[in-house]
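Two complexes, one shared chain (subunit A), two partners (subunit B, subunit C).
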Partner chain A sequence: MSKVIAARTERTASKAPASGVALKWKRWRFYLSALVLIAPLAYLPEYFEDLALSRGDAGLGQREVGEFAVGPWSVRLAEWQIAPPEREGLAGYVKLFTLAQCQECIGHIKAIYLRVGEPRSLRTAGSLFSGSPYRQMAEVLIPERTGPDDEMWLTLEGWDGAVHQARVPLSEASPSTVQWLQQRKGRP
Partner chain B sequence: MTQAKKVSKSKLWFLVHSWLALPLWVFVFFVCVTGTIATVSQEIVWLANPAVRANAPSPDAQMLGYDAVLEVIEREHPGTVVEFISRPVKSQFALTARVAYPDATEASIYVNPYTGEIQGSTSGFSFQQFMRALHGWLLVPFTEGFSLGWYIVAFLGIPMLGSLITGLVVYKRFWRGFLKPRLRLRQGGRIFWGDFHRLAGIWSIPFIAIIAVTSIWFLIQAVLFDNNISFSTFGVPPIVAREDIPPVEAGQPPPGITLDRAAQIAQQTFPDLEASFVSLPSNAYDHISVGGRGAYPLLFETLSINPYTGAVEHTRRVSDRSTLELVTGSMRPLHTGDFAGTWLKLVYAFFGLLLSMMVFSGMLIWTKRTAKETVAEVKRRKSARAGRAVVAAEGGRSA
Partner chain C sequence: MVQTKLFALGRLAAGAGLCLASAAAWAHFPIGHCKALDETTVQCKGGFSDGSNAPGLTLDVISYDEKILLSNKLDKNSTVTFKRPPGQFYILFDAGAGHVVEIDHTEIDS
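Up next, the complex of A and B:
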């Protein structure tokens, strides 16, 4: 390596005096792609944060909304990430929520649904939560026409057929979504 | 005249070959090395951590069924919800169960398939997943759509394929290298690395082609996904009909079939299927999913079994897939080599190491030779052009 550099230096030197910078560039330019490796280093802390979140070590989600009584039961609701809704292909914008059932209600609840606005029936109750009773998740569609004052409806269906509902203001469930909606309002 | 043209053309090919990987060589080298480690990461963990091994208490010990495994987990960690159990194809590995604990954390636990003993669990961090993320997308997170890191890494498939093709073009009668392998050890670094580069190259032709083509597919896959283009024939995922769920008295557990029964149903439905995992329903309207490799080992076949009635309500076999899905679905297993057992992974790791060394040796050869040749070739061309234009003096100075 050094021999080649020396040879090239000689050649360059015989024609025009090369500056130190030019020499360094010639010598190091093929190591520049190592700069890509800054990415894994820079994202390493985030990798472990995401890992802690997905393993549940960081709690139910990035932001716990609170505990809500729904009929005889209660659930703890959380925003998975403090972030605006994400575009999910052609489906539109979705927001991920997590939820934990109260200890006493485990085994009694058949299904839990969440949606923006009041559902007309159990069949349109919204996204179905999936996962263990200790932490289940649902991706909720945030329709384009959602207003900042809209409410989210939680629907709980018992194994015995009982249905109970509760309302959570969107501004309480996800302030970041409301902020995002207000920003979008200005745009055509 | 034509002879000179030919020489000059091959020289040009040679320069293209050199310049394809050179500006990126550190990055390519990193991706090759991490990929090699990722291929055998499961085996590395096996060596390092006795908890993931499956030691039989006696040579004739029988493996436990799924229900027995559930019983052990409930006995040792009451209240734990089991979400997924996988039985690695290779019998030296313990069963892995993904579980959710009452404190809302999740873990993977390793269960001895013969005794049911819970031998250990992952403490959040998984070496396999980390190596995969480091190799595949440089840890750049997936936010909306594919990670930028994924695009950058997958892009390398293009110069890799280019290197393979131009390499074979400039290596005159490369097939002779198979018959008369040459690796001169005592004639200096440049000779050695040159011989090594050529020898490793020709023996790795299929491997490099596989890795390059599958990487290019990963790039195409990301582009398709991010532009909402799909050719999947999977259809709408099945859900359990509301009517199939029997009414349950408040406080009573809902009736349903056992996991062993589900495995039995899967076995009866597809006798040639080697079931290697069972996924438990994630909500009341979800199926028990049983899957494994069938006659075509690269792809998984799955059955969705109604947990209340035991009816097989959806199946996904190799024969259900379109030709395009068969080809594209085979890309990932071809890239990772995880479809035939430890021996194939070791083969992949060997060639991965060879490929890493080729990147490295290519760089060494360049520093020892190509730099000079590039300068000479550029000079020659410039002066030739300048000569034709009768401004030789001008050309000579600028070269």
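Up next, the complex of A and C:
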């Protein structure tokens, strides 16, 4: 037993005293660890906002545009985020919209499309909304030639083959997109 | 011990890579571009916004009164060449409902 104690004492004594730099580093390593644990707390409000948005607790999107009558049906349209369009690779810029069908419409609408400008036909009606009738999403391409005074066209196709359309001014559908268009005026 | 740490790091890197890959695969849009090879011939190239090609994709040439003048499929190089029809028309790359690209005859590069 005494041999073991002696050996331990010897090992402890043989350790070189820690230098000033090493001591400082140890202390700051502790502070750094605390900072790493605390820093994410700053992002908690944003995290909970995102969570509420994706769960639907914050509504259809960050900004609800309104309810629009389209033929015999009506839909509620919203901007998913109050933000300018995002670059989608070689395709250009896209903007995410969400939509909810009226309670009575559910089961009668086959497809809902949205685009900038008047479509030539049903094939060119724009981006197709996908998801449940209570919250559908579509990423809409914002073409290079889009102007702040342009309109968005909603096209609803029923299971009976009927097609109904409604127009929404871009300035009403997404003021953030109009602001972005005005800022990038003249830029490719 | 070192091997275990390396393995854990490898798994972390693979996880991050998969997350990034899934973000990239989140959405891709059809794209198309057409140019006039000469006065009578037009060549169009299609694909997706992530840079991938789209062989077999339908390309229709449609008149302003909605008559299909020509219907083609993109070849293995994701291109198609056709005779320019007379009058006003537009070219439609069709990758399915809601996934189309329109190019007006006035937008064909010369």
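The working rule: the second predicted complex is superposed on the first by the 147 of 188 C-alpha atoms of A that agree within 3 Å, B and C clash if a C-alpha of one lies under 4 Å from a C-alpha of the other, contacts with A are read in each partner's own complex, and residues count from 1 in each chain.
Just so we're on the same page, a residue touches a chain if its C-beta (ideal position, glycine included) is under 8 Å from a C-beta of that chain, and two chains touch if they have at least 3 such contacts.
Everything numeric in this text was worked out from a predicted model, so none of it was measured.
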Subunit B versus subunit C as contact partner of A:20, first or second or both or neither: neither
First (subunit B), second (subunit C), both or neither touched by A:120: second
Which superposed partner A:111 touches (first subunit B, second subunit C, both, neither): both
Comparing the two partners subunit B and subunit C, which touches a greater set of residues in subunit A: B
First (subunit B), second (subunit C), both or neither touched by A:94: second
Which of subunit B and subunit C A:139 touches, first, second, both or neither: second
Touching both subunit B and subunit C, residues of subunit A: 89-90, 111, 128
Touching residues (chain side subunit C, partner subunit A) in the complex: 27-31, 47-51, 62, 64, 66, 90, 92, 94, 97-100, 102
Residues on subunit A engaged by subunit C in the complex (per definition of touch): 88-91, 94, 111, 113, 120-121, 123-128, 138-139, 141
Residues of subunit B touching subunit A in the complex: 22-28, 30, 81, 83, 100-107, 124-125, 130, 133-134, 138-141, 143-144, 149, 152, 228, 245, 247-254, 282-286, 363, 366-368, 371-372, 375
Residue ranges of subunit A in contact with subunit B within the complex: 1, 4, 7-8, 11, 29-34, 36-37, 39-40, 43-44, 46-48, 50-52, 54-57, 59-60, 86-87, 89-90, 100, 103, 107-108, 110-111, 128-136, 158-162
